[in-house]
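The structure under discussion is supplied below as structure tokens; questions concerning it will follow.
Chain nomenclature is as follows: A, B, C, D and E, assigned in order of appearance, with residue numbering initiated at 1 for each chain independently.
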Amino acid sequence: MIKVENLHRHFGAFRAVDGASLEIAKGSITGLVGPNGAGKTTLFNVIAGALQPTSGRVVMDGEDITGLPPHELFHKGLLRTFQIAHEFSSMSCRENLMMVPGAQSGETLWSTWFGRKRIAEEERALKAKADEVLDFLTISHLADHPAGAISGGQKKLLELGRTMMVDAKIVFLDEVGAGVNRTLLNTIADTIVRLNTERGYTFCVIEHDMDFIGRICDPVIVMAEGKKLAEGSLADIKANEQVIEAYLGTGLKNKEQVG
Amino acid sequence: MDFVNAIVALTNFVLIPAMTYGSQLALGALGVTMIYGILRFSNFAHGDTMAFGTMVTILFTWLFQSWGISLGPLPTALLAIPFGIAGTALMVLATDRVVYRFYRAQKAKPIIFVMVSIGVMFVYNGVTRIILGTDDIRFDDGERFIISAGDFKRATGLAEGLGLKTTQAITVITAIIVVVALFWFLNRTRTGKSMRAYSDNEDLALLSGINPERVVMVTWLIVAGLITIAGVLYGLDKSYKPFTYFQLLLPIFAAAIVGGLGNPLGAIAGGFVIAFSEVGLTYAWKKVLGYAMPEALEPSGLVQLLATEYKFAVSFMILVVVLLFRPTGLFKGKSV
Amino acid sequence: MNQTVKTYALFALVGVLILMTGLFQSWDYALKLVAMGLVSAIMALGVNLQWGIAGLFNVGVMGFVALGGMAVVLTSVQPVPEAWSAGGVRALLALVIGAVVVAASVVVYKRTRSALMLVALLVAGFVLYRWVRDDAVNAIEAVNPAATGYLGGLGLPVVLAWPVGGLLAAGAAWIIGKTALGLRSDYLAIATLGISEIIIAVMKNEEWLTRGVKNVNGLPRPMPYEIDLQSDPAFIDRAANWGLDPTSASTLYVKLGYVGMFAVVLVILLVLAQLALNSPWGRMMRAIRDNETSARAMGKDVTFRHLQVFILGSAICGVAGAMMTTLDGLLQPTAYQPLRYTFLIWVMVIVGGSGNNFGAILGGMLIWFLWIQVETVGPELMVWATSALPDGSALKMHLLESVQHMRLLTMGVILLLVLRFSPRGLLPER
Amino acid sequence: ESHASEAKIGIMLGFTGPIESITPMMADSAELALTEVNDSGQFLSGVTLVPVRADSTCVDPAAATAAAERMITSDGIVALMGADCSGVTGAVLSNVAVPNGIPMISPSATSPALSDAEDNGMFFRTAPSDARQGAVLAEILAEKGITEVAVTYTNNDYGKGFADAFAENFDGTITLSSPHDDGKADYSAEIGALASAGGEALVVLGYTDQGGKGMIQASYDTGAFDTYVMGDGMYGDTLFSELSDALEGSYGTIPWAEGEGADAFAKITEGAGFDASSSYTRESYDAAALIALAMMKGGEVSSEAVAANIMDVANAPGEPILPGELGKALEILAEGGDIDYVGASGVEFIGGGEAAGSYRHYNVVDGATETVEFK
Amino acid sequence: MSGGGNPYQDDRGNHDASITKPGAGGSVDPTRRSGPVIEGSGGPFLIGDSMTGGYGKGPDILHDCTIAVDRGEIAVIVGPNGAGKSTAMKAVFGMLDVRSGAVRLDGADITQLTPQDRVKHGMGFVPQTNNIFTSMSVEENLEMGAFIREDDMQQTMEQVYTLFPILRDKRRQPAGELSGGQRQQVAVGRALMTQPKVLMLDEPTAGVSPIVMDELFDRIIEVARSGISILMVEQNARQALEIADKGYVLVQGANAHTGSGKELLANPEVRQSFLGG
């Protein structure tokens, strides 16, 4: 689905992504883990067009998409969510969803003036779809709430919901779990799995919570110092010495002495 | 000899004026940059505050002159500057108390402060005009020249003169002193560091026990000082007129932004970039080339890149070009 | 108070203010205020589109307004044949060369990324441009400099100048937008400020184009001249029917005509703006304003949308500028001062209520009214304020003499009061 | 709604804006003339002249026309003394004065373009067109045998028109004619270019407390030029005394009549409490006086009377009238006599309400002026 | 527009760096002044007692919420997102108004104190986000932590460097260039420089890799052992509760469960609803 070839992204002399090559298989939920500063977010940003690569290629379904701007990637079905929820806070949850689909005729000025009827029809369809998604996410009671005033976890659900408004092919999730209550995280995990099975989305997930990774991801890719360090099932990874040393560690040293 | 003449002409018509004007802009830009860095907004009232500070200084200068106090060869206004600063400080602190403080308490977004500063600009604009009128005022006294162009010619026997005014020397020297002092203050003193901390992260500054209102007050005090000094030096060198001070706002902003907003070093560099581009890019090289080139090659035209009527436009062109290639300005805007 | 009621109330207030002006001062004066108020409202509408809807801080309103003014001369003034034959074609050729050089430089730089090439191209192009231009310009400017000395315009009806003004402003906005918005939108303010100064500098100094600082007087009007009406028997008859003397009838007639035309333009623009705002387009713009990064990731071309809104807003300012110059009957480049054409328009938008088209219109009408009326109210205020002082005291004399400066002071105080008690303007966005 | 015993005269000048520093004196001068008329008690059986001030802003035609509209249609002025700057004057003239039939006399709008304005007989000016002054200035230089000068002018219709007129008449080389913008912070760039171009003298066609002053100062500071040739806008005692060193040996022209009128004006303004030697005070006084005299001549308070009689009272034949003699003039007019108003600036109208313009050629000596001759 | 109801917070998404400085401003009213401290004694070392309150004029977020920690103890707050954990921490630190309830430190009522004055009374706080001065060097960050101290801070700085050795290597580097985990260490170090008697940490391990998280927990235990009370919010609830002397479960701004860390871990309802089973 996505193939990253020898990708580099440097900040001055610093090589945040330093020749990473990896592949994300179609239909998989691929986990991406690695120590802080390994370059995971940077890699995401480069793939999703938010940053330009220094060198290297990103290929999606055989098509070179290196350096395309985010809005064009969106129309190719490549979506991403943010580590910190990026909702449109002054708009209602429903509007947050309704604004997502591209190619709405109501977004060209001309038709706002001379194509009112068509817009009205489209809007009806969009609204129905948005309500369906809200239902799916079990937050339909929040439809008219300003998105800025819902809880953090609900915002994350809304982020996922936005990917459902269009026919996404691949969705990149950056630390959905950070700071999210574990119970809610389980709900999100279930949603991801459902999207994967019911709608055929491919996922790539950055996360530091091994339970979460274990629950949904196969395979898992480990990054360190801007490169791929290892790849395999979570069990393989957990057994990998290099990974333990760079990332996982051996657990709390002092916990027995306290409490 | 011709070569010396060329150098002298260039110094006289480009280097010295641009240095002086650059220093004046730099001092103004320092004030803009301090407010931007610490209080987070661009202060549109800057030009008019400058006029206010100069006005207070002028009033004190007149008072001293009426008492017969003078500084000999130096302008009396130098003696009045501390009082001018005090007056301006009172004014800006009062403004802060009456106007800005409310918005701080509301945690208003910086953009609101920008708009408020436009309001303050209008008010100051009116106030200075009501108090001292709109006339052009000269308030320099003492010796005007360290060496005048005529004296220089006589003394050296060169064909070209070189004039150096007292005020030009004072301006450049003061600018250097002020800049060094400001640097030392911001980077070495506790208060200075606390200001940088506040500028970096307000909440965290609070959690380190820094009193935010004190930082704001000190900032305004420094700004009052910078603004008054800049205004008085400019007024001594040229003259005082509220309208011109308002107009100064544009080159000052250009200077601060070219240099990199928020960075004191940038403000200095920006001031000189703007001044030198205004004076240098529109300079007619005829005279200098006439001296420097052999007879046969002497230019017949003016050898002027751009007519002077576009000098103002030039500084903005440079600004835009700098921003295109170095989006954060010459110096990254982060020190304050 | 409910927002709709408030809207009606505030507009009614402006109406009453104007009515009072008509009753207690004069109807001519009141209509004049309305006419310029409408023009100001259109400018405010343009700025509101940029700032209120898209959060783009345009401090170069003056430049776009001036371009509108320039359009009036270029469109409606009769051409000067002598000037054209003296060097018109060559001057235009020079302009084309200039444009080609800049475009070529951009393309070459984008291809090669070589600064050296860029500079070489620009310098060579500049020399060529000056070489073609200078003779032509000198020749044109030498043609009867006291009366013409420029190419003149196309001699078309002056109303056509309004859309042309919009187009000129849009063109300039496109260039600014491409440079400032295309690379980073975070220096738009200073870029617009600078470029508006550049526009004014060009207008002042390129005499062959619009006569520069020598001004163009007596521009064609869309309304008949009052003195012609005054000597038109049919009009005098009609005036008599209305019970008016020919002079006041003619001045009122002409002013009403302007007010009518301006109102039509304002209503058209307002309707278009409202339709756009209350549609998916408006929703998208709000989303972009809310969170650019996210909007981008949701497939919205933020840069393009910013450019679009910036161009539209500027074009509206250009139209208003052309209307204003038509009303003045005079193009005077030195008249364009940032305080009046940039900051005052901003005051209108802020006071009116950014993000709300009706707010912008209210602000435009109200602030223009105050800007003009403060001139008379200011002195009275000052007399009142100083009434406690003894007559003939130096302070009182001094204060009374400086009343003219109450105008700026009052504007500032109004702005501060509104920002304090209703920071989102008198008619906030929803 | 003007009372029979009161006649309102508009005084429209740029009290705010770029020439805000010279307008108060101009207004005071005009009001001085009105006061003089009122005090004489001779005016149209006790009608009082009431000045109404308005702000022309000098640069904003919209604000200026609105203010004029107010004065005419609301305050009910009969005639307008103003406006000051040529641009707004043109706008007010065509948009407000002509449509309403209100005559205006500008004391200072000197742009040559105004000579051809469609004025329907409503426009007069007490300051002569710069077309004439350009010729006078060129003549003086020719007499002095100066053949190479640099020119700097204020970048507006006045400066540009003036510079054009000068260039047309000057019989030598102009090394560089470069505009300067008023109210700018720094003029060293302009001086640098002019100095490089060179010339025996610098012709300065600007304003006395604006860029013109800045240019002279910058030139003096760098020693670029030693001699300055100044147009009318540069005339001002403050300038001469403040820059006395720089201006020693310089000279200029100013619309001014031979001796008497100006002296008389200086005398009556001595105790007036304002600086009457500043630019265009004389012309302002004369403009206001002419309005009153024309009304007296017409025998009624009306705009028509002003428009119809100005040329008559301003020109010969008749008894010459100086500043301070308005009472006498009213008396003569009341008796049906004829006057020839000379006033402070030696008023003489040629066709179309243009001041013929007599100019004083002065030298600056020790920070003050010395008359060389009148032209 | 993140301002919600506050009209002064509407910046229309302005990004223009030539007129306003980008980056978040503060969230606390800087103009407030401290009220009096009412002396007293007894009770836990630090207690936020039945606090009720919210942000600005908005609705109450805390409802009669009580949090306390004793000398040398570790107290951990857990709960779903948006429960008000961070809010409770801020309330204890005086960063928002409590409408009723009190905060007592060592028995003295400090409810009226501003945050900067609470620092002087021996409290230290590491917020959840934005917890370092990014433009200042690591060393300057630590110096700022010691801003209120008049005495020699060199020794404390040594202690911090011993605790977090990596910081010594990076002490001249701008803190903004450090990785996430290193930043957290700087943040905790800065708070320690005030020599607090009580240290409050808001999710110190969020977004931190497992190895760094273990490291941080280790350090926190060490700090507690040196006699400093620790009050922290954690989403890695199981690890956190394992080392906690006391645990609070907050739901919708109110105390839902309270007990020792072990008790809460053992409580099936807590496990099910808040710890993810």
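As a working rule, contacts are C-beta pairs under 8 Å (C-beta built on N, C-alpha and C of every residue); 3 or more make two chains touch, one makes a residue touch a chain.
What you are looking at is a predicted structure, and each value in this text was computed from that prediction instead of being measured.
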| item | value |
| --- | --- |
| Neighbouring chains shared between chain D and chain E, ordered by label | B, C |
| Most distant chain from chain E by Cα centroid | D |
| Of A-E and B-E, whichever chain pair has more C-beta contact pairs | B-E |
| Computed distance of Cα centres, chain C from chain A, in Å | 46 |
| Distance between chain centroids, defined by C-alpha means - chain A, chain B (Å) | 50 |
| Gap in Å, rounded to a whole number, between the CA centres of chain D and chain B | 36 |
| Euclidean distance of C-alpha centroids - chain C vs chain E, Å | 52 |
| Residues within chain A bordering two or more other chains | 89-90 |
| Sites on chain E at which at least two other chains make contact | 1, 8, 10-12, 14, 17-19 |
| Chain C, residues touching no fewer than two other chains | 57, 186-187, 190-191, 204-205, 290-291, 405, 407-408, 423 |
| Interchain pairs in contact, sorted by label | A-C, A-E, B-C, B-D, B-E, C-D, C-E |
| Chain B residues touching chain E - in the complex, by the definition given at the top | 36-37, 40-42, 101, 103-114, 190, 193-194, 196-197, 199-213, 216, 253, 257, 261-262, 333-335 |
| Chain B-facing residues of chain E, complex | 3, 6, 8-12, 14, 17-21, 25-32, 93, 95, 114-117, 119-120, 124-125, 127, 130-136, 140, 143-145, 147-148, 190-191, 194 |
| Residue ranges of chain E in contact with chain A within the complex | 1-2, 4, 74, 79-82, 128, 179-182, 203, 206-215, 217-218, 221-222, 224, 235, 237, 239, 242-245, 261-262, 272-277 |
| Chain C-touching residues of chain B, taken from the complex the two chains share | 44, 99, 102, 108, 111-112, 115-116, 118-127, 129-130, 133-134, 246, 250, 253-254, 257, 307, 309-310, 312-313, 315-317, 319-320, 323-324, 327 |
| In the complex with chain C, residue positions of chain E that touch it | 1, 7-8, 10-19, 22 |
